[in-house]
Structure formats: C-alpha cells, structure tokens
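In this document, chain identifiers A, B, C and D correspond to the written order of the chains, with residue numbering beginning at 1 in each.
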Amino acid sequence: MAVRYNAMELMICAAARLLEDGRSVTVGTGVPCAAAMLAQRTTAPNLLIFFEAGGVAPLLPTMPISVGDSRTFHRGLMATSMADVMEACQRGMMDYAFLGGAQIDAYGNLNSTMIGQDYAKPKVRFPGSGGANDLASFCWRVIVVTNHDRRRFVEKVDFITTPGYLTGPGAREAAGLPAGCGPYRVITDLAVMGFDEATKRIKVLSLHPGVDRQQVEERTGFQLLWANPLDETPPPTDEALWILRQEVDPHRYLIGRC
Amino acid sequence: MAVRYNAMELMICAAARLLEDGRSVTVGTGVPCAAAMLAQRTTAPNLLIFFEAGGVAPLLPTMPISVGDSRTFHRGLMATSMADVMEACQRGMMDYAFLGGAQIDAYGNLNSTMIGQDYAKPKVRFPGSGGANDLASFCWRVIVVTNHDRRRFVEKVDFITTPGYLTGPGAREAAGLPAGCGPYRVITDLAVMGFDEATKRIKVLSLHPGVDRQQVEERTGFQLLWANPLDETPPPTDEALWILRQEVDPHRYLIGRC
Amino acid sequence: MTFPTATGRLFSDPSANAARQFFRTKPRTLRDKVMSVSDAVRALVHDGDYLAIGGFGADRIPTAAVHEIVRQRKQNLSFAGHTATHDFQILCAGNLTGRGQTLARVDVAYIVGLEARGLSPHARRVMESGTVECTEWTNYTLAVRLKAAAMGLPFLPCRSMLGTDTFRRSAAKVITCPFTGETLLALPALYPDVAIIHVHEADRFGNCRIRGTTVADLDLARAAKRVIITCERLIPNDEIRREPSLTLIPFFCVDAVCEVPFGSYPGNMPGEYFSDEEHLQLWLKMEEDEQQYRQFLDRYLFGPKDFNEYLQLCGGLERLRQLRAQELLLHQGR
Amino acid sequence: MTFPTATGRLFSDPSANAARQFFRTKPRTLRDKVMSVSDAVRALVHDGDYLAIGGFGADRIPTAAVHEIVRQRKQNLSFAGHTATHDFQILCAGNLTGRGQTLARVDVAYIVGLEARGLSPHARRVMESGTVECTEWTNYTLAVRLKAAAMGLPFLPCRSMLGTDTFRRSAAKVITCPFTGETLLALPALYPDVAIIHVHEADRFGNCRIRGTTVADLDLARAAKRVIITCERLIPNDEIRREPSLTLIPFFCVDAVCEVPFGSYPGNMPGEYFSDEEHLQLWLKMEEDEQQYRQFLDRYLFGPKDFNEYLQLCGGLERLRQLRAQELLLHQGR
C-alpha cells in the first residue's frame, strides 16, 4: 500500500479529532493551530479558538507566525488583552490547550526552560514558560503534541516548566492548582497516549498504523503503561487530508517538514 | 455695603481657590464640579478633572447630573472604567477629592450611611459610601464642602462611612490606609477649616466676611481649634463671580439654592 | 498583630473552584440568543438569585429588564448596589407590590439616592423597615469584587475601607502583603447568578459594543454566571468581525440578547439620549405617598405590556427626540 | 500548613507606598511631549533601570527605541521578558557590543525564541553565559505583576505556576485565600522604571489609541514610572476628544511621544504592515557566527543614524508597500 500521508499529517489529524465541537481551545502557532483549523473545518465547526495574546475567534486566513500577530484576530469576534484571555482560562472557560516542550516525563510535566543542572548557567537555555504554565494550570484538558524520541521522553525533566500531574495523583491539587484539570493526551509521531487514572502516568492508547510497541519503548526514556486492548490510531480521512493540504497548510510549512 | 454674593457662591469660590494648577481632582456632581470648573477657568487652567465612573478630562458643556452621565466625558481625553479611575487614585495619581456627608466629626470622619443606633433598622438610611470611602482612602488631599450646622458637625458620627483621621494622629496608617493623605480642608457657609498638625482635629483657618467665632461655635457640635491669627476668607473676585454665574452655573442650579 | 474583623454577611459564594465548575458547563457555541425581555427575565432570573445590574446611576441602565423583574414578581433577590439609583428605585417597588419582597439582601455601595436629584422616599422606607439585610461596601470595592470573579479568583486585595464602619459592616478581611508587610483589605470575589447590562450594540450571539464609560460592566459580564444583554440596536455579526477591537463583552459570556431601543430611558444613554429629568422627578414625587405611588406603578409599570408602551406613556418619540437633541447639545450652538 | 518557597530574586521594589510617593510627583499637565527617539531614550532610559517593552513577540514592538537603547550603550538593565522575541534579540546585541552588558537581570517568561521562527543563537549564547541573572515567571504572571502595579497594589493573587520549578525559580510566594482556604500564588507588583510602547496613534500629549490586541500594554503604561510612546502617526488632540472611548493609554501616564512610521518593523503592526519574515530570518542567520554578527550590527544597527535609514537599508518604501499588501491580504482575493 502506498503511503497516503506523512507523520506530521497524521499527528495534526489525530489532534484535530480530539477537539469536541462547541468547546474552547487556546492554541499556539504551528501544529496546534493547524489542528484547530482542521477541526473547525471538519468535526468541530463550533470550536471557539483563542490566542493567548488576545485574539478571539478569528477567521484565520493563513496560519499565524506569532501567537500575537494580526492573523490571530483577523475578522475575529474580539481583540482583547492577554489577561482577558488568561482570565477566561482561570475562570474555567477554556476546555483545551495545546502545548509542546523540549522534555516530557511520565506524568506529563514539560520542560521548555533549560537543559543542565546549574540554573544560573544552563547547558541549553530555552524560552521558558511563555503562557504554557498558565494554560496547563487553568485549562481543563491539555494536549501535548511532540516528536517521540528518547531525549525528549525522559524519566525526570531537568526543569518542570509546566505542570503535568507533577509527582502523581493528588499532587496538582496539593500544590494548589485548580482541581479536575491536567494533561489529557500526548500525540507523537508514533502513538496517541493518555494518562492512567490510578497512577497519572502516561499510558499508550493507540499506536499509529505500522508502529509497534518495541519502537515506542525504544524511543521512550521511562516505563510506559499500555492500554488493553491497545488500539490502532485511525488514519486521517481523505477529507481531512484534503482540507489540511488545500486549506490549512497549502504552503506545506508544517506538513512539509516530514 | 450691598451683598455682592451669596453663601453658596462664596463656598464654590473658596473651594476653587484651593485647587493648585497642574494637579488632578476627582469630583462629584454639584458644588465640587462647579468648583473644579471655576478653577479651570481662573487659577488652575491645567487642572485635570476625573469622574469616578470613568470620565477623564472632559470639556464640560454643562454641569453633569450624574457622576456617570455623558457630560462627564464630553469631548474628554478618555472614557474608561470606574476601576481605571479608582486605580489611578490608588496608585497615588489623584491629588484632590471633594466629598460631603450627613455628619462630620472633629477628625473629619464622614457619615453618609445611616442615622440611628441599630444598623439593621436605621432611623434614616442614606446612600452609603458610593466612591467616597475609596477616594478618601486614596487621594492625597480631601476637601469637604458642606453646610455648617450642629446636626452635621457632631462629636461622634453614627457611622464612619468615609475615613477622616479616624481617632487621631497615626490612626489612618495604623488601620493600613496609604500614608500621607487625609482631609485637607472643610469649607462651609461660615468658615474655611483645616486640621491641626498635632491632634488632627478640625481647626478654623478663616471666617467668611461677616461671620464671628460665636456663630461658628453655636453651629458646631464639638470643640473647635482656632488658627492664630485667624484670617478672614477672601471674598470672591468679580471675575470669579462673573464666570461662576455666566459659564459654570448659568441656570443657577447651585447658586440659586441660597 | 491582630486585625479588626467585619461582621457583615457574605451573600454569595466566593469560591473560585465552585465558579470554575459552573463556567466549565457554560456553552461556547455561537447560537442565536435573541429573545424578548420578558422571555429573558423569565428564563434567566430566578427567585433567590444574586442579581447585578450594569451602568452607573441612571446612566446606561437596562430599564426594561428591571421593570420586567418587578412585573414578573421575582422574589428574595440578593442585589449588588453600586451606585444603583433608578434601577434600585424600581426594584424597591417590588417590595411594595405583588408577593412583596423582590429585594431581600443588598450589598450596599450606593442605594436609595439618585445623585444630584435627591433621595427616593420609597427606597428609604424599604431600607429603613429592617426587612432587607445589608452588607456595606464601596463603589470601587464592589467593582474589585467583580474583578476578582472575572479573573477567576476567590479574592483580591485593595487599600480602601480600612479603619471605618463601612469595613466593620462589610464581609471583607484585613491581610498583610506577603512581600512588603503593607496592610491590605481582602475582598471576596462576587460571582452574581445573573447580570443585566444595557449596551449600544450587540450581535445576535451577544458580542457587545459600548461607547463612553464602561463603569464595572466589562468585569461584571465576565463575573456573572448568566448574562442578559439589552441593546439599543442589534447589528450584524459581520460588523462585529469588521473591527474586533470594539468588542468589549464577548458572546461566550452572554445568555440572552434583547433589542430595546431607548432601553436606558429615563436614564441617559451616551451619544443617544439624555436622561428625562422631568420623569425622574415625577417618580420621586409620586413615591412620597404610598397610595399614590401604587397608582403610579399600576399606570407606568404594571399597565404597559412592554417597554414601548411605557415609552409611549412617557411622551413617546416626540419626547425621545427632545432627549436626543439634549444629549447631542443640538440647541447649544453645536 | 507550610508552603514551598521560591528562590528567585526580585529585581524591583513591589511597595505600593513607595510607588505612590513617585506617582504623586508625576506631572498631570497637558504639555507637548513630542521628541525624537534618541532624545527620549537619552532622557528617560538610565543605566541600571528596570525596562519593560510593549507588544507581543515581534508584534507592535517599538523597534526604533530598542535600537536606540543599544546604540546609546545603556548598561546594567533589568528587563521584563514576556514573550520578548525580536526586541530581546536586539537588546542581547548590547551584551556583545560597546560597554558589553545592556542586559544584567531578566524576569523571564519567554526569551531567546522567536516563536515559530526558531531560537536566537546570539540570545542563547548570552543567556547561557551565566552573566545575566534570571528569575522565572510566565506570560500571564508577568502580566498580573504589571496589573498589580497598575492597580497601585503591592501584590495580586493568581492560580498558576504552583507546584513547578518555574515557581521555585521565581520570587512568588504561596498564600491561602482568607475566605475560601484555596491555595493561591501571590505575585509581587512590578513597577518598571521605564516602559516603551508602540501604538497606532497618539496626540502630542500622549493620549494613545491601539488597534487589535492590547496584550499587557494598558497595565504596563499605568504601572511604569516613566513611559515612552512611539507611534505610527501623531494625531490632533481634537481627534482624541472626538471619541474618548478609543483612548486606551491616557496622557498622564506618558513622558515622551515619538512619531515613528513603520516603527514596529520588522515586526507586525496590525492593520498597517505584516512582519518582514525574510529580514527576521537574515538576523537569525547572521547571529550564528559572532564575527559575522558584529559586521551585521555595524551595518544595520550602528550604521544608520536613525530608524528611517534602517528602513531604507531593509528595502525602503517598496518593501514596506509589500508588507502592507501582505498585512491587508490584498493579493488573496480580498
């Protein structure tokens, strides 16, 4: 069988399917934005899209380059402040947030701050939280989209920039974070993962077509839990691929990366 | 000598003279607004006028009826929120506020809430603080304009709606109010009063032309301090009276009350 | 260091977690929310609710909806009284008529007065009767309580009210700044059950524009669990999308949109019409005698079947034309 | 109950009382504040200052003033790094050139990156050198710190950062809500010494209009002790007075007004011009080699005597015309 789609296309389509219609999502540039645009054009026409710099419900003519550029409120319903958007999140009105990171651990904690042991003189300095920590603290369901490799999926992140389930069940609430939220799914080029109810550790829910358990284990730096039965990630539909290629990312900025 | 002006005109003119040029003031409707308008047209052309509902620096075509009506931002420099104005005050940017009240005590504490001993079933219910308590807490110099009578100038107000110097020196700061502010002047139909540095009690600074000490004492329900020497309040200038009558209050809404 | 304590009762739950659970369920879909004022009040204002009303004084108030609350004889409401003037006066009419206690609890910042116009005799009778429970605040601290809720927090600090009886009769607390040691007032968040706000323009989904001062309404719309918008004009969604910077209240806060031209009458609507001072004086005058006031209410509030009939009784379009001229200063050389 | 503590250093004084003393002295007079960018930076940005810059990413940023800070070789600055992208990159150039340490302390929310464009090699070298002291925050918590200052408070609560290393490396504290017992983050107010904000329109007194998202700039303008405005266009004061609802930053917060058409270039200015992605890529590319980067800076930053010369180097009006067409989607059937 000829390959109908690449890994990036599969990830975007898998992410888009997670977004329930009639709910709200805060997106960044890149994959999250593409997934939200695709969802709006397929399964979630009433998806309400926010950008953290203040853009609300734009009719996106193209994918934004910045979370604050003028595309993020192009023909939008409101162009407001960062605080207004973040406070809608803090109030409990934001259902989904999309995040990434340089490292992720078994509890979904994310590092986008630094690699190294000396904070004052990092081996690698990354940007920091941006709005990620805020969104992961406030939004009901956090979806992480990232490439799957051993350097990234680590037992212990060098720096918890953004909270997953911290040290496990109850840890978020004990730290004072709003109850009932946390990481929901992790989508990689190999699998779709969720979190085990009892331990709050990452659990593989479905493998992408053609991927096996061993591949995933080899590219993960910690012990994975596995759903039983383990599903296969549904491949993108023809319609989704067509829309993704023609309307969402016609210049192949994202889907051309694979 | 024929009487050139009435008591209300004198009060407004005396209040206007207190406002230093280039400073800011939050005014309500009535006398405060008239005083600020008069000051702007005479001694304080650069007076910056705020209204607590959000009006900033209007070119007032007539006196507002409400602190929030459209006159309060007519050709203004900004029409904003109540919080924005109050926060400018809380930040320390408001020099003057004008207040009144049903009762005032020797420390300049004001009551505009209730008369009676039972809060749950007041003998007389007044509106409450409105923004008065906020302005008296935040603004550097509070000016009280009120009629002078014994029911009003009382030893102990039934309810401290709005802070003067509370129980005396240091009491505002001990309560946690911002340091360095408090009542500055009390202007009545009889006199202009300030506050004694050492005791923070009301001290008569000047008597209006034709008023004597005994009159003031008879109409005051507490022991007054007296400046030495005691001045006479300067009468309104012809120019001030002309502007007040022709431009500020041409319909004699205020100055017709006497 | 011990701080003084306040004895006022808190009429609403400041919990941010409880509010989050509610806001999680609030719909985010773009749906048509246009309905009549009576349907909106019937569906969204319930006996026992905590009610808050937008505007300031008699400026940009949702008069039609307030009439309807009294007409539908809603009972046992808590109310946020921040410079509530003519709206408060109307609600107090409900403590005289029908089932007899529209207002049961009031967070007071400014009530019973109409600013420069004087005090409302009937509102004073109601508030002096001892039948309405009060807790004291100030205009700004009530605004801060709404801001706390709009931010999704259980409290915010502030620097006023300290040292006064207003504090003592409030439900605030005194705290210390964890960084500077400065003494501060802590204000509990106010999440009203329902808010009613009059705006200049809204689309059918509830995206709103306001001209002039916004008072505390942007926070109020975000703080309230349910929001009724009355607007001077419905506008197309396209017009909202043309200039998203002008949207001050977003649709996802809003539950009902009612088109009510002249909806702030007899109050002032910036850029549209000035307040009808004669009618407001008539209202105050009629309140002086209770029997006379009942007749006045029968004629002006219970008689009309809707707000247009009320406007007609008050002089109709001719009177509104005069108020528009007055608002725009058309006869003062402008 | 004991709470974890944070070890980051606070780079500015959160005291509301100290801020009040300063704001008491700030002039309230309507005076002409128009001056050149170089005069404004010379007069209002001092060595050792805490600096904050408006906009988000490379959107609506005051590029000309940031260039000028490096050109005037300001030293030892503290900086608020909330999604600071191209502006941060420029400031980092000052840690290479001249006296060599423009940035000394950074409150980090987002630095060294340019969002979807990648990371800045030079900014990373600077930040990995150990010569710049950092304290961690987030985009929203830095915005809340500015809001606390804008409100005239020493702190505000918030519900993020808890439980993370971001908290541990911050200078925040954990507190309990006095009403609900809910655990909260306490954020110290941030009163910057100087803020620079690019806006669409301003009058000569400093009354400003912004179109599109306002990010944290309305609070920033109120929080900062001194404010430099750069604007696309000076407009008459009459135009401000025509529609006071559009004024988002009032003159009494502002100390200098500089007219800089295309002042956000190579960043995006909503409704005016899109970002110049080619020039931003060139900048990133040039940074890869330090020697090459010095030459690039000599040509593009130290060479031009003012911002117009820089624009000329980057393609001048022809390039700006293209970016305008791109912003307005003129070639996409609109």
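Things worth noting here:
Please note the rule applied: a residue touches a chain if its C-beta (ideal position, glycine included) is under 8 Å from a C-beta of that chain, and two chains touch if they have at least 3 such contacts.
Source: prediction; values computed, not measured.
The chains in contact with chain B and with chain D alike are C.
The interface with the greater count of contacting C-beta pairs, when A-C is set against A-D, is A-D.
Look at where the CA atoms of chain A average out and do the same for chain B: the two points lie 58 Å apart.
Note: centroid distance chain A to chain C, computed from Cα atoms, is 41 Å. Annotation: 28 Å between the Cα-based centres of chain B and chain C. In chain D, the positions touching at least two other chains are 16-17, 152-153, 158-159, 182, 184, 211-212, 244-245.
Shown for chain A are the residues in touch with two or more other chains, namely 73, 79-80, 83, 90, 138, 178. Taken pairwise by the contact criterion, the protein chains fit none of the simple patterns, being neither a path, a ring, a star nor fully connected.
Under the contact rule stated at the top, the pairs of chains that touch are A-C, A-D, B-C, B-D, C-D. Only residues 22-24, 46, 48, 56, 58-59, 73, 75-80, 83-84, 87-93, 95, 138, 140, 178-180 of chain A touch chain C when the two sit together in their complex. The residues of chain D lying in touch with chain B in their complex are 16-17, 19-24, 26-30, 149-153, 205, 207, 222, 240-242, 244-245, 247, 250-252. Across the complex, chain A is touched by residues 55-60, 81, 83, 85, 108-113, 115-117, 119, 124, 127-130, 133-134, 136-141, 143-144, 147, 158-166, 169, 174, 182-185, 211-219, 268-271, 274-275, 277, 327, 329, 332, 334 of chain D. Chain D contributes residues 10, 14-17, 152-159, 173, 175, 177-180, 182, 184, 186, 188, 210-212, 244-245 to its touches with chain C in the complex. Those residues of chain A lying in contact with chain D across their complex are 28-30, 51-55, 61, 64-70, 72-73, 79-83, 86, 90, 109, 113, 118-134, 137-138, 159-163, 166, 171-172, 174-178.
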